[in-house]
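I've put the structures underneath this note.
In what comes next, chain A is part of two complexes: it sits with chain B in the first one and with chain C in the second one.
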Partner chain A sequence: MSQAAADTQTKKQILNWINKNGILLALILLFVALSVLNQYFLTATNLTNVARQVSINGILAVGMTFVILTAGIDLSIGSIAAICGAVAASLVVGDTAMSPMVAILAGVGVGATLGLINGGLVGYAFLPPFVVTLGMLSVARGTTLIFTDGMPISRLSDEFKFLGQGDVYGLPIPTLIFMAVVIVSWFALKHTVYGRWVYAVGGNPRSARTSGVPVRGVITSVYVIMGALCGLAGLILTARTTAALPQAGVAYELDAIAAVVIGGTSLAGGVGGIGATVIGVLIIGLINNGLDLMGVSSYYQQIIKGSIIVLAVLLDRSRRSHH
Partner chain B sequence: MSLRKIGLKVATIAAVSGLMGTSIAAAEEYRIAVPLQGLTAEFMQLWVKGANEHPAVVDGTVNLTVFDGRLDALTQSNHFDTIITQQFDAVIFIPVDAEAGTEPARRALEAGIPVFGSNTLVSDPSVYQAYVGSNDVVAGEVVAQTIIDQLGERKNVVVLEGPIGHSAQIQRAEGIASVVAASEGVNVLAQRTANWSRAEALALMENWLTAYPGQIDGVIAQNDEMALGAIEALRARGVSTDDVPVAGIDGIGDALVAVQEGTMSTTLQDATGQAQGAIDLALRHLVGEGYEPRSPLWETYSDSLSWNGGTESTYMIPWVPVTLDNVEELLARRN
Partner chain C sequence: MGSLTPLLEAQHVARAFHGVPAVRDGNIRIESGSIHALCGGNGAGKSTLINMLTGILQPDAGQILRNGEPVRYTSPRHALSDGISLISQELTTIFDMTVAENIFLGRELRRGRIGVNHKQQNEEAEALLKRLGFPISPTQTMATLSLAEMQLVEIAKAIGRDMQVLIMDEPTSALGEAEAERLFTAVEALRDHDVGIVYVSHRLSDLFRICDSYTVMRDGTFIEAGAMEEIDRHRLVTLIVGEELDEQKRPEPLPSQEPLLSVRGFGRADAFGEISLDLHRGEVLGIYGLMGSGRSEFVSALYGLDKADQGQLLVEGRELTINGPADALAAGLAFATEDRKVTGLVLTSSVGHNISITSLSDLASLGFIDQGKERHLIDQATARFGIKAASSAIDVAHLSGGNQQKVVLARCMATQPKVLICDEPTRGIDEGAKRQIYAFFQEFVAQGCAVLMVSSEIHEVIENCHRIIVFNQGQIADVLSSETVAQTSLVHLAS
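Here is the complex of A and B:
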């Protein structure tokens, strides 16, 4: 092989690598840029802050990854998180506070139940997920307002608040929960039959059915998982803000969907994964944190975030067309 | 480096620092963080504008960094993490929610950063070093009295409320209720929330005009946006605001124009006063005894508000009734 040919070969390999790992590269570049631009960014406190701050959106985005892998969407997650948080909070108020474990079970249970309603309507009644979850967005928010009477539920027990504010060996509890969710979900999607089913349903539902995948059940299940994770996120949100607010979680679906899309999971289903979503979550978290540290106006923040979402999809598209 | 290049570089730095809201450091610079509710509200815009006009900000003694809470309590809690990491000298805080705002403020306090409240209280005011606001109960009394004074024989009113549970909603409702109870013959036909929103108030007022045809004699709105929505609904029905008077609270731009046109009444919540007052109190704490307040607000309100050494825990900026006499000047100040 001539020297020139070898050079082109290496060049091609590098380009290939960049194509494949573009989003990871973007994350690393962002991290380095923020470290250089701001003296506070690369401090232990700040990185702990980032780890804590991304966990709620992270948990929601992991659930959203399951849903989007089946070519679905869930717009109701902010509202479901709000009602779960409110139900959980009502159990740990004042002198009659129950154990936080009861609150966790109740919150996650309510979320899973609402997810089951979403999933059943999508999987068995064949309604479009966009419509079903748009309806749930409104129903769950209304229910939250009725349940809370439009007032914050506060005076929560310290044990419950520990869920959002505490830490173990310097690692914030929300971060630990997020990490656990990531590991379990990654394993389920990568190394179990269930995971293969989820990809199969999103990739090609017809051939999935003919090869014996319980398509309806799988579709229903991803919304149940999403709902349960909304419950978890709602609990942490409530514990962090020390009160269940009737307006909590408004528009949280946008950041969760954005994280999944930035990571490279295709809205058409069947392509993507948890690792990609975690990168998406970190990118959004770093943008929020970095721009706050530098005091950039939130008007610019929204433009920057929106542009990055579109750029990520553009990058993804060009990557796919190469193969 | 050529002179032109240097010029370019300076211009870039200026542009970048303008974008980032930081200024070139002065000798004694105090860094004050301002986590506020959300920059989408006109009142918050006026607050920031007023803060930036404080003499100490203009001359660089104080460097303000605004954090937009985007009306989300969690975002605001995250901002406090950032503020504590960056070790600001002081915080001027406008909480999204009174309940959820207490804990982040306490965290700042524990990190040794004094927190000064402006505009909105938190549920545990002891986390505030001092608070500068306006009494919303008084505003409720004023808006109700304004309408009741304009009523004729029949006295049926409707009340447009803010989001239920909002501290301003609760207090303004209290003020309205006390005046209504004290006035003979006043009957509240309906009272509902329109969530501070012009669009929601418009729809609600349309429905009320249908439900109570020809029976509504006055509209009491807990803020100007909703009052303006009600005016639109009346206009669409061909009802003159001379017959059915409308009053709001806050003194936003559109409401001032409406006052000028004679279609509504409002009382101004002085955003500039609340902002500059908080800055003066923060400076008094940072500079120490002997600091003289530099905002013109103490002069303007000298007959009803006193500096008192800057060590009181609460300062209430008076409400300013908007009339044809002062509306011109108030509008001019906006631009």
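Here is the complex of A and C:
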């Protein structure tokens, strides 16, 4: 009897661990499976390639984590990234190219400004974030088309292209930027007053307000952060593709939201974090890479990815309801 | 009383969550034509027992008998179809529907195959509400009702179904005295129609008012059952808490008359008008009034959660401009709101983070939180208030009501306020936790601070407050000293 009780106890502990770390486990399993299934997967070239590929979605997903933690959503990130990339590109074209630093400041500045408009409308005018950012999705895309005249902006300076294509000690620049963004954001959410405010506002805005948290300011700020990170992502995308394309970043919001949700951050706000999002980003990155390596058509890839997102939330829901 | 087989009975039921028993040995007998009090502190296992009786949970051991026959309800719907209805603490109202639509939710009267017969529903709902004596129109939208009226609709909804057993979990916790009285009349009418009623409440006076028998649970275990007329208040409290409690005293007279907080001509259109009062050092000042009397709106405005249209606020003689809670906190005010789950706590965050949220700026430099300082604050607070939690890192949602309320107070104290404003500080929490909170108030004011406490529990106000302000229709109806006040005069003034 006591032996049986001890056995069930151990079994429970194991189940508990799986419950808590299920997503990490899924990532590890995926990695092992791909290593076994495809001989090319576990090569330095491919892994570097994956690291470069996930960076843009990773940066966007980190910003989206801030937004979703406050129970918000941002659908406009692809469009904002496109306009930021175009503005930055226009400054580094041909013979009159300015320093890439100027382009970076301009791109990030434009993103933060558009984020401020989103955030102000959500935080101070109390409009639903879905509606506000759906509007911005369209407005920013239209502006990009006008700004670029519907044509790619190319002939970018080599210094600028280095942002997307360069390496430092074998690590792609985009990956380094992504890692820096992750570390700063993780620290901000975990160890600063601001981070606590973000969780409190998402968990219960009324209680946060009673506790003296500047709720409207916090809500506005997460969209500004999101916008600034869109600027960064837009720059890298432009530098990688060596041109600012008017249709760049279409549907990028889907992968970013998917990464956050797969990681386990709750769309209801207040629960989740950067660590979870990084796992989500890597899972999506590995799925994309694995399907590419196996030669699965991109049409099927979309179906597979969509199903995985819904399945992840379904599993998460049943896991939570057992508590 | 007296029928041989009870309508519903639980025998030695047990239920655990993740290996932690919530109910170890639960017994209850519900007889027809009886109002049965189910008593116990927070965490005694009352809710789990109720959930097993109504099919929300299934027992791990023991059995449930319906008219003497063993049953196993697999869902609330299953229990409902067998004549067992539950009115839970949390309202299940749909705000955009009318009263009648809510009453008939899930069993809509049909016209043809798929249409809803609104006319018949409205008529039947009106007849039902009239029979119960609830002054609510069936065609009103739920969102336009007060919280108390919504509660009455919930009750009408349960009563409208044809059932033999009705379980009510804290039905009066949001009601004023007059509304509670109306509810009691309705419950008594049901009893006279041979319905068996289980009544769960922390308000002991309610239990003595309408129940005829009782069951006491403690630590998930059945303790005692008997007839209400054979037990007195003191013994019932002792059974619930499990130890002898000191008799509550009336507060000592005030040592000083030095005003700490002064309010002059405070008013907000439609809520309250021209309120002036002084709160002295060392004082617990009570505000007693019914729901909708403007009492909660008044204290919310004091704290800056709502704007006042007019009036002045002075702390230690200095006038303050309060544009929001941050200003109020800086001025030395703290506020424990009426509903800890809706406005008090961030349920998705940990116990510790809920305690430290208001005082983070004191714990941080350049925006970075000093983990050591924060840990120290949290450990001190959990020790001071005796907060029972496996760890301060677990979500505050997992705590019992009494412990959650202590977390709210600990958060308030973290800013070291001079004035603590509490709206219904002991609603829905057990007797032991209540006494701890009262003791904390006395300790707090003894340091030269003051408490402004809104409450609709007469005992609580009389036993704890130096003076009592009676609110009625947004005005101060009277100011009474606790030494001279009688319960009846309070109720009379407030209604």
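Worth pointing out:
The rule we apply is simple: the second predicted complex is superposed on the first by the 322 of 323 C-alpha atoms of A that agree within 3 Å, B and C clash if a C-alpha of one lies under 4 Å from a C-alpha of the other, contacts with A are read in each partner's own complex, and residues count from 1 in each chain.
In this text, a residue touches a chain if its C-beta (ideal position, glycine included) is under 8 Å from a C-beta of that chain, and two chains touch if they have at least 3 such contacts.
Nothing here was measured: the structure is a model prediction, and the numbers come from that model.
Taken together through their common chain A, the two structures put chain B and chain C side by side without a clash.
When chain A is checked against chain B and against chain C, the one touching more of its residues turns out to be B.
Of the two partner chains, neither chain B nor chain C is touched by A:Thr113. Contacts of A:Val193 after superposition: chain C is touched, whereas chain B is not reached. By the touch criterion defined above, A:Arg209 lies against chain C but remains apart from chain B after alignment on the C-alpha atoms of chain A. When the two structures are aligned on the shared chain, A:Asn21 is found in touch with neither chain B nor chain C. After overlaying the two complexes on the shared chain, residue contacts for A:Ser90 are found with neither chain B nor chain C.
No C-alpha atom of chain B lies closer than 38 Å to any C-alpha atom of chain C in the overlay.
Counting contacts as defined above, no chain A residue meets chain B in one complex and chain C in the other. Interface of chain A with chain C (complex): residues 9, 12, 191-194, 196, 199-200, 202-204, 206-214, 266, 269-271.
Interface of chain B with chain A (complex): residues 19-22, 39, 65-68, 70-74, 77-79, 81-82, 84-86, 97-100, 102-103, 123, 163-165, 193. Interface of chain A with chain B (complex): residues 40, 43, 45-46, 49, 52-53, 56, 149-152, 154, 165, 237, 240-243, 245-248, 250, 288-289, 292-300.
Of all residues in chain C, those touching chain A in their complex are 18-19, 303, 305, 324-326, 328-329, 335, 337, 342-349, 353, 356-358, 360-361, 364, 367-369, 371, 411.
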